[in-house]
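Shared between the two complexes below is subunit A, which has subunit B as its partner in the first and subunit C in the second.
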Partner chain A sequence: MSHENIISIEHVSKRFPVGDGEFTALSDITIYFRRGEFAGVVGPSGSGKTTLLNIIGSLDTPTEGTAVVMGRNISNLSHKESARLRNMHLGFIFQVYNLLPVYTVFENVEFALILQHKSAAERKKAVMEALEWVGMAGMARKKPSKISGGEGQRVAIARAMVKRPDLVLADEPTANLDAKNAHAIIQTMKNLNRELHTTFLFSTHDEKVMSYLDRMVHLEDGKVAKDEFIKTKTTKP
Partner chain B sequence: MIKFLVKAILRDKNRSLLPIIVISIGVFLTISLSGYLRGVMGDMIDQTARFETGHLKVMTRAYAGNKDQMPNDLALLGVNELTQSLRKEFPNYQWVERIRFGGLIDAPDAEGESKGQGPSAGLAIELFSDNSGEVERLNIPHSIVSGRIPQKAKEALIGDEFARKLKLDIGDEITYLGTTMNGSMTMESFTISGTVRFGMAAMDKGAVIIDISDARNMLDMENGAGEILGFSDEGVYFDETAKQTEQAFNAYYANSNDTFAPVMFRLREQNNMANYLDYVDSFASMFVVIFVIIMSVVLWNTGLIGGLRRYQEFGIRLALGESKGHIYRTLLTEAVLVGILGSLAGTSLGLAAVLYLQVHGIDISGMMSGTTMMMPSVLRAKFTTDLLYIGFIPGVAAMVAGNMLSGIGIYKRETATLFKELEV
Partner chain C sequence: MKLAFQLAYKNLMGAGLRTWLNAGVLSFAFVVIIFYNGLIDGWNEQARIDGVNWAYGNGHLVHEAYDPFDPFSLQDGHGMLPEEMQGNLTPVFIQQATLYPQGRMLSVQLKGIDVNQTVVKLPTHLLDSSSAEFPVIIGKGMAASAKLNVGDQVLLRWRDRNGTFDAANVTISGIFETNVPFVDGGQLWMPIDKLWEMTGLTGHATYFIANDAYVPEESAGWKFESKEYLLRELTKIINMKKVSGSIIYLLLLSIGLLAIFDTQVLSIFRRQKEIGTYIALGMTRWQVVGLFTAEGSMYSFFATVLGCIYGIPLLAYMANKGFGMPLSADQSGLILAERIFPVYGAALIIGTIIVVVVSATIVSFLPARKIARMNPVEALKGKLQ
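Let's look at the complex of A and B:
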């Protein structure tokens, strides 16, 4: 596992205009994440977790400071370059699994590869492999409306992983799942982290997720309150 | 990517069905109404040309000033020479002589007593000439209700409605009472060879059609005619060509002060046709412009509703690495595909309606019993090749324009805001 920094956040602040004033979501944050980490940004609602993930995911830019992801300064990227960074290097997993309802499980996972202009044969191989990772190969032809929430989140993980991203950003991925499914999902991601050396960065306040993390960055009022490295756990006790 | 979009269009009825229905209805209305109105207007122009104005018409200046009164005392004389000259100078037109005459038609019974009388609108044409084309031009063979076309002198065709009103049958005699070119009274008997129905109330109510030689004898118009009409060889009125011919002819008599000098008019200058022709020309384009504006507004709103519904999808696609520009372009591609489907459906339905109305038409004879307008009593649509695209292109354009407008919303929203739509 490489120890290079995949994310470098240096003196980043983010302020949003609110009425005549401003709301500070992040305040002078400096933090680094290494390739292959299974880390989480934790904290209560409004602590700035999602804002930080949006900046790392090149969906937003810092008001001040520098955010470098995969060697690219987020502030300097054009819309097209941001999209390319997300397309080639980042995967997203959401609180709600957000599959496109008109497409099948297979097609939902395939979509990311179409954007990469992969051939049909390459896509089929990669999609089936990704679905096998998450145990959903048997449901490839089903529509999202025909699968359960836990299965949907597995498909979402396959969709994020199919393009073999360097970094997966997961925003409250277990919020809508029961305990059994939540543990299964996190375990799946942990396995992928180990096998593919993909960096996972969570935004969460779910104890179940936290129990799997190797590192937790605690945010409070937009500031890093604690940066906690934990002994690696590979399975839930 | 296109295959992927098509799948979504076919599977998501909200994305495709409503816009396709809206476009289909718009394109259908545009094509069917354009075809119908063009057919009606074209028929009216064509009928007017065939029965009254020609594509070009030569009269004396004095006759032209009073032509509504059919003033045969002001008619052209020496028409054989004039017609020959026209045929020589302007060979692209077929030149025919006609005489219009008004008067009274008396229907005698077996004892010779009058059983009925009525005012007539007489028309004398070159019935017996093989080269004039007048019989075909006035569609007489297809307009005959009973009997036949006159084959010898002193035979007449009479309007079917007129015949029924006077209780006349084939072979009955009628007597024309009127005045000659010189103002003296004339009476002439004709045998009815057939009855006709042109489908024009103005003609059918009092039509009497005889050969021009009979009219000349009856009206003392030796080598005379009220009008010489010119019809283009193509059978279609071309204003620019007609104008050149008219100017060339009238230049020849420009310096003459003779009120009986011949003067040429083109169709556009007769019967207040100028505005009508301009209206016909601009009608189709006006229709298309109105259609595009209305459809764009409707589809803009449809697109906005669809776009709002799809913000979640846009957020997912952004997260997967699609750029805003690419999403916008795929929206427009979808719009083109949906526009094509809707326009194809609308065009097919519209053409079917036009072809149906071209064959069957709408019979308005019941509404025209009192009218004197030169218009057909069965209004038919007309298929023209431009109907293949007159609705199709605007249909696609309106869909694209509507989506372009609604899709701007994607650019107006911050990426993070679109992404936030995912946090349900």
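Let's look at the complex of A and C:
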């Protein structure tokens, strides 16, 4: 295991109780991701993609094995420590955007910075910069209900990126978008990956997204079926 | 905490009408609590002032055998107090008598009082200035029930010190208006020296009214009753009214708090994805609990503001114009003015605000605790039951 790994998953299994039995979502997975990767966990529904992302995002813990993110063992973190990890180092992009409905676009993006106790001036500068990145600066005052799905996902990207996280976890980010918007969104994230060297990890089964990825980890029935490096921009750890 | 309130404020303002409906219900409870308590306090204050001004002064030095609740004690409940002990005291001498207005017969208390007294508001100067042989003053209630007017002469019968009946026409020299029933109903006030003369009990008194300069001292056969003691029955009634009033405002407050509780439970159920998002963005579970609790508690702040907007003019109007009481003083037996002017003290207002804010915070916290046990993954999916 290299110290340059931003994510180290070793022999991780995750099982959920279902009725009297158990459902195995992940089974003895070992995988590493390095800083700056633009990678995806791909596979059919139920293959364990989202479960893996939730564990990496410290929203869940493995039943067995160790998941180390940014040098922190997810299983050993307290609620407060995992909240701090998410707040300071991780960005999330969800399938349904999950924008806070009563806040404006600006306030949605600003939220993470408020939690970091940044000053108003710092927040304003960072938020406008993030909105510029995704081409939404002109809609800063609008409520989420007044913008389209594609625009909503752009705002979600800005919200994830505004705190300059080390790692962005995107769970099916294009599932609710048309082809044109999906390409635009992925291109935006790709640009941010290049410019800011932020690590992006997707969970997807969308061919459009896959076409942009540098690396694809194929999951099948909770196991790594294939670890595929499409381009040689990153090296296998 | 500041962050929780900032976010709660935004969330509630964003929720629009729902927020103002809850705040409206709570503010109604708020205003009614203040009004009802203000009314009781106003009555209490008015009754105490009237009681002291018209009857109690700074307290009574009462003959030990006299019991105001036992008319039989009037026969022996009087005596003489050494003159050197009568400083700062105004004597009142009570005898039973019968009045015969327009052929009817009324049992009355004949009360002799020093015509030069200033310790109570009874207009005894009217007795002094009257040229009648037996001048009396009566209250408006007594005048109405006996159908008497100023200048009327009416037959009075009483017994002297030997028990012998005597009778004379007394003249109504004045009619006064008071809210104190035991100064008015069935009472005839006359010069004490005239009553001494009529009964042959010169120098006798049933009780003395003390002025502010009076310092109680031991005196055989007499007991001092402070004005607080004399007001004890009134205090009991006021306290009982407050307790019965608290049931009403407990019900009103419960309705307001139930609305908040219900909103909180629904909010936590409907806003699961939002809760999951807060956690994903880096809030701890307890920060989210704090946020939802702050939202519920903020309803009470909005209710305060809303209550001020319509409550201040309404309560000020009531305080200025008063509240008409359906019972007249002589019917209820209580010191009760025709109009009660509510009194809203700082303690009442601040106390009510604290009660409403604290109870709103508690009912908001109770359902919000559930968030601390939420699985953020399930919350993000909106799948929690």
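To be clear about the criterion, the second predicted complex is superposed on the first by the 228 of 237 C-alpha atoms of A that agree within 3 Å, B and C clash if a C-alpha of one lies under 4 Å from a C-alpha of the other, contacts with A are read in each partner's own complex, and residues count from 1 in each chain.
Throughout what follows, a contact is a pair of C-beta atoms (placed from the backbone, for glycine too) under 8 Å apart; a residue touches a chain by one contact, two chains touch by 3 or more.
Predicted model only: the values in this text are computed from it and were never measured.
Clash or fit: how do subunit B and subunit C relate after the overlay on subunit A?
After superposition on subunit A, which the two structures share, subunit B runs into subunit C.
Looking at A:E37 after the superposition, I want to know if it touches subunit B, subunit C, both of them or none. Which is it: first, second, both, neither?
neither
Just subunit B (first), just subunit C (second), both, or neither: which does A:V102 touch?
In the superposition, A:V102 contacts both subunit B and subunit C.
So in the superposed three-chain picture, is A:D214 touching just subunit B, just subunit C, both, or none of them (first/second/both/neither)?
In the superposition, A:D214 touches no partner, neither subunit B nor subunit C.
Counting residues of subunit A in contact, which comes out ahead: subunit B or subunit C?
B
State whether A:D166 touches subunit B only (first), subunit C only (second), both chains, or neither.
In the superposition, A:D166 contacts neither subunit B nor subunit C.
Between subunit B (first) and subunit C (second), which, if any, makes contact with A:E151: first, second, both or neither?
Neither partner.
Hey, what residues of subunit A end up touching subunit B and subunit C alike?
54, 57, 59-60, 79-80, 83-84, 86-88, 92, 94, 96, 98, 100-103, 107, 111-112, 114-116, 159
Which subunit B residues qualify as touching subunit A in the complex?
1, 4, 7-8, 11-12, 15, 312-313, 315-326, 414-416, 419, 422-424
What part of subunit A is in contact with subunit B in the complex they form?
50, 54, 57, 59-60, 79-80, 82-88, 90, 92, 94-96, 98-103, 107, 111-112, 114-116, 159, 171
Name, in rising order, each residue of subunit C that touches subunit A in their complex.
3, 6-7, 10-11, 13-15, 273-274, 276-277, 279-287, 375-377, 380
Looking at the complex, which residues from subunit A come into contact with subunit C?
Touch residues, subunit A against subunit C: 54, 57, 59-60, 79-80, 83-84, 86-88, 92, 94, 96, 98, 100-103, 107, 111-112, 114-116, 159.
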